[in-house]
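Every chain is named by a letter (A, B, C and D) in the order it is written, and numbering of its residues begins at 1.
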Amino acid sequence: MGNTFGHLFRVTTFGESHGGGVGVVIDGCPPRLEISVEEIQWELDRRRPGQSKITTPRKEADSCEILSGIFEGKTLGTPISILVRNKDTRPQDYDEMQQKYRPSHADATYDAKYGIRNWQGGGRSSARETIGRVAAGAIAKKILHQVAGVEVVAYVKRIKDIEGVVDPSSVTLEQVESNIVRCPDPECADRMIELIEQIGRQGDSVGGVVECVTRNVPRGLGSPVFDKLEADLAKAVMSLPATKGFEIGSGFAGTLMTGSEHNDEYYTDENGEIRTVTNRSGGVQGGISNGENIILRIAFKPTATIRKEQKTVTNAGEETLLAAKGRHDPCVLPRAVPMVEAMVALVLCDHLLRHQGQCSVLS
Amino acid sequence: MGNTFGHLFRVTTFGESHGGGVGVVIDGCPPRLEISVEEIQWELDRRRPGQSKITTPRKEADSCEILSGIFEGKTLGTPISILVRNKDTRPQDYDEMQQKYRPSHADATYDAKYGIRNWQGGGRSSARETIGRVAAGAIAKKILHQVAGVEVVAYVKRIKDIEGVVDPSSVTLEQVESNIVRCPDPECADRMIELIEQIGRQGDSVGGVVECVTRNVPRGLGSPVFDKLEADLAKAVMSLPATKGFEIGSGFAGTLMTGSEHNDEYYTDENGEIRTVTNRSGGVQGGISNGENIILRIAFKPTATIRKEQKTVTNAGEETLLAAKGRHDPCVLPRAVPMVEAMVALVLCDHLLRHQGQCSVLS
Amino acid sequence: MGNTFGHLFRVTTFGESHGGGVGVVIDGCPPRLEISVEEIQWELDRRRPGQSKITTPRKEADSCEILSGIFEGKTLGTPISILVRNKDTRPQDYDEMQQKYRPSHADATYDAKYGIRNWQGGGRSSARETIGRVAAGAIAKKILHQVAGVEVVAYVKRIKDIEGVVDPSSVTLEQVESNIVRCPDPECADRMIELIEQIGRQGDSVGGVVECVTRNVPRGLGSPVFDKLEADLAKAVMSLPATKGFEIGSGFAGTLMTGSEHNDEYYTDENGEIRTVTNRSGGVQGGISNGENIILRIAFKPTATIRKEQKTVTNAGEETLLAAKGRHDPCVLPRAVPMVEAMVALVLCDHLLRHQGQCSVLS
Amino acid sequence: MGNTFGHLFRVTTFGESHGGGVGVVIDGCPPRLEISVEEIQWELDRRRPGQSKITTPRKEADSCEILSGIFEGKTLGTPISILVRNKDTRPQDYDEMQQKYRPSHADATYDAKYGIRNWQGGGRSSARETIGRVAAGAIAKKILHQVAGVEVVAYVKRIKDIEGVVDPSSVTLEQVESNIVRCPDPECADRMIELIEQIGRQGDSVGGVVECVTRNVPRGLGSPVFDKLEADLAKAVMSLPATKGFEIGSGFAGTLMTGSEHNDEYYTDENGEIRTVTNRSGGVQGGISNGENIILRIAFKPTATIRKEQKTVTNAGEETLLAAKGRHDPCVLPRAVPMVEAMVALVLCDHLLRHQGQCSVLS
């Protein structure tokens, strides 16, 4: 256990970075959804390595195969299994890491927990593991869009100290995809790309903040008290590799305001809908969506695996030095954008079905 | 569903702020743990209203009764049920709120989700709901301490812009409990108390940041990829009322560093243990505890219910004004400290049992 | 874990036979269901001890208190907690059983598993534990009836070798409740009562078979492959005390037929509904309800605790004799009838919500 | 949901009989277990079609590929994914069944539930789905055997009215595998084979009873009250295709005895172990294993798909006749034997880990 996410729309991922492949089983998908392999592949292409000069040069087409659950272009309601083979593996790059623990990586903790580790790569702690999440997220997004016109749009908000100016209420997928760093502020994007290239040349890495907006969320999603929407969203994105922080709405900055400044006053709009003037709540109140945009920010640390030499120890506890070989992203954020969107979509889709299950049988 | 937390050490809370009472059922507790009602009550007293001049004056002794699962002072391994009656309720204080939605509160979203609401108080969205969590947390803490000497210590780090100086590696429960705001920096605590009193007199409220350190955590806790330790910790604390942000280790600030600055280099200590020089990881790497202190920070927004008049609407959508009656905390943080500790203990105890279950049967 | 049942309509029971009380928390109940404490109490009265001369004389009114989740006569969608206090306890009756294990009872296995046991009664293995199930079942039944007119009717089909003649398609609750043994074949019921009284006078006990029919079940309930409807029904009733066997439809007898004899041929009825001519499937095909009556039979062994002297051992392993004191049912079946109905209702209600959740969002 | 089984040792199966393939993901497997693909394949070979003259002639090698979770011959503690491709599919055999519902099969109920169906075969209701269960069961068996010497042996006890004489306490796998019907009573096996061949020639089918004994079960497995061991075993085997009944220990026959006849008296054996003289309990008391052999019997109905012509309807409700084409088993029992063993092993392995998790952390 630990590799399954969701209650009704339920996703189980499998696979190491080196081995037969990685993939996902999606259980509980509503039947009769039209979905093509191309729609899933399109999201995987946003995530795949080697997509630009600022990502790892590992060459993986990451072509997915749908093994089950879809028939004549429609979901059957049975488990959907999707497989992506590992192709461009170079276990020899990891020879040294069989003994030497990468600082701030998962090598040492996997050994501590399991007493064994697939050292020919990052194993389950590799970002390759997120392939299954992104594939499942493509399906979740489609359901959300079809049922309620939901749009999930994530983007790079900040790389190190370079922060873009983005309006969450209007930002589009096209704007996000218009540059390789996925920051919809074009001028800022150029500087981010330059920084990542420069840092990469130094054998070092950088982190930053991904922001995610979800629009047209139905009211009523979320299951207090433990499965509050923000709690499940926090878990979802904090389960992605390299995350160190999570905010919804006003986040940490909101703690500097008084209640009278922070509260979102209500009004009734032209359609008779109850709305809020401001959105410091970030679309969720009391653990339940209120129909306003859901706004999240996620902190991604700088990539742990770097070419710069660092002090470390071997699995036998001997002190040594390591300058990591292999092909690693100097910055994970451009590829993290589709991962964040996927996790948000998985949470919302699950809660959509849960809400339907509990609250729609009695009229 | 939504009111159960944990997989092996499994907690289900129940109860509204007005009604028969609130409580918890703990399923999966290890048998033969010595635990007294006083130990549980001690934690509840840290959480209860009316404990000081800066908390709500609602007078609740919050005396707990153990209904099952404990026999002759020891746990039976069967469900432990604990009940706290609601005593000092004043439904008349909520008369106005039957129609008028409190801004940034859960009134409107509960109505949207369920089509019905216990309007005689906050219902499940009241902080009273956390009584069950704190009671269960008392038991989880005892297990963790008995098995591995684990210490969970939370404290108020910041109120609005007043931030204390605290050393997580040495701070003690006694220091935390030495003042009513639960900030172990005494000079700072005085200013915090003064601010809360002043804001309270104005009918307004403030928020801030709770920090939590857990020491002596066994290596190997956490279940990648979805149930990574930081992911479950994030969910746990983000399910508490009024939370808007979560950080582990370096958090958002860590995104301003490069990888070579951020990585925690390894060394071997005098006992032959593999340790890290720094702890930007916050005690978790790759979703698994590494034996270093687990350091969390949680943002709590200013209390939503305030006496100051605000614009809002009724449940019929009519625009109106509301100056909330009732007895509310001008700042939730002092009482949030035991809640945060409880949620952290629940996560760690559950993962302790899960790790034991999966990883200890084969020698 | 182990004390929670169901996925969306989720029931957690707690309590030992001796101690503060027994009860249940129901999470995930649809909001706005009208339900009164009397409706729940009515089912508990069918289950309570001392209701007739053929049940245990333990005198328990089993009055239930609703602690949460219901407001002004309607469910809130939040956890419903129901408590029944233990009143007429006689721990002294169990003095001898503190050391001596009752043959075929749970005393020895609880000691083996937990290393501790509430020996002042049956603890969690007492039939008192089923109070929470029956209370929750009352709510599940009401939902099922309101949504689809579902009727769940169980009855005593056989006591030892005395078997009643009952038509599942027409049997009514009134017929079941018309006599104290709950066998709707009146002539047979008299002989059953006589047998139970006679066996009870001998300090011995008897078992038998409960049959349960559920009518007006919506098509489409059940979640292959593991949560097939018959699988969840089997688990549900086999979790009741004293059960040794389960059948659906043709059961074991069906194995004596050929496929051409056993198959239920289809036809289209006057309303254009696809129906089966026979119902050897028992209302479920491929793990999914087909709209025909669901027919189950459950074997209950003779009560383990008897006054007749038997060979046994103490918890120290010393061989000894035991003639159990205390007030025990010479036959559990009359009181098992509402328990079976409750468990069947819990399964169906959970699957109703699950089906709604998965299969109704896409039109 | 519905396609995952178990709590700590957690199995998710996927795949339809026609499509990319079938398989399983096993999450929560203890790390460092030595397991080879041959050990898994050996169990799959016992299950595969075309293995003898009395099974379906569909030719499937059912060669399995391990995609993840095993490295250098040992489990990693991460999800183990196993895939078997579908090879010898003949969708044309099912052309007629696209419209015509097979009596007592899942065609109609899948349509009712999902509104769509992979009609080119049995889809998820095909026995092919059990490949994933059997593969996972092979691993569960190995863990159980390694940890406690547990042996799970199932066999055909009865085909229609031909019943074998078998001693559960001594029957061996070799005896079971010594003939193609898997009945360890050789004389009886010959008559069973003859009957199956004869019935198959008539285009008809037969059912029967599989019995399963598990020896050397550790005391203390099972989690009352809902996850009693017999309840989870009942669910496990009743989730297999074609099952109609379940018994443990004395089963339905036990209801004909009095309590004094039925109770298993205790004694202390030469090793000081508390044992029972008889085993009518079937190895479980109060939902917890008592160390005696666990004895189960499962009723399998005659195969629904037969060549004999039967009355049925089309999916449009028109009455028609159907003589099923395709390659179907005239009797599922010989191939059901490894399926039953697998499901029993999955339950026991899960409860072994659960027991370890809850009851071994406090000394």
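The rule we apply is simple: a contact is a pair of C-beta atoms (placed from the backbone, for glycine too) under 8 Å apart; a residue touches a chain by one contact, two chains touch by 3 or more.
All values reported here derive from a predicted model rather than from experimental measurement.
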| item | value |
| --- | --- |
| Pair of chains joined by more contacts [C-beta pairs], C-D or B-D | C-D |
| Identity of the chain that, by mean CA position, is farthest from chain C | A |
| Chain centre separation in whole Å, for chain D relative to chain C (CA means) | 26 |
| Cα-centroid distance, chain A relative to chain D, in whole angstrom | 38 |
| Inter-centroid spacing, chain D versus chain B (mean Cα positions, whole Å) | 45 |
| Multi-partner residues of chain C (each touching 2 or more other chains) | 1-4, 7-8, 13, 28, 31-32, 77-78, 113-115, 124, 224, 354, 358-359 |
| Residues of chain D touching chain B in the complex | 7-8, 28-33, 77-78, 143, 146-147, 224, 352-354, 356-362 |
| Touch list for chain C against partner chain B, complex | 1-4, 7-8, 10, 12-16, 19-23, 25, 27-28, 31-32, 65-69, 71, 74-81, 83, 113-118, 123-124 |
| Touch list for chain C against partner chain D, complex | 1-5, 7, 13, 101, 103-110, 112-115, 124-125, 129, 158, 160-161, 199, 204-209, 219-228, 230-236, 238-239, 241, 243-252, 254-268, 272, 274, 276-277, 280-282, 284-291, 299-304, 306, 308, 310-313, 317-319, 354-355, 358-359 |
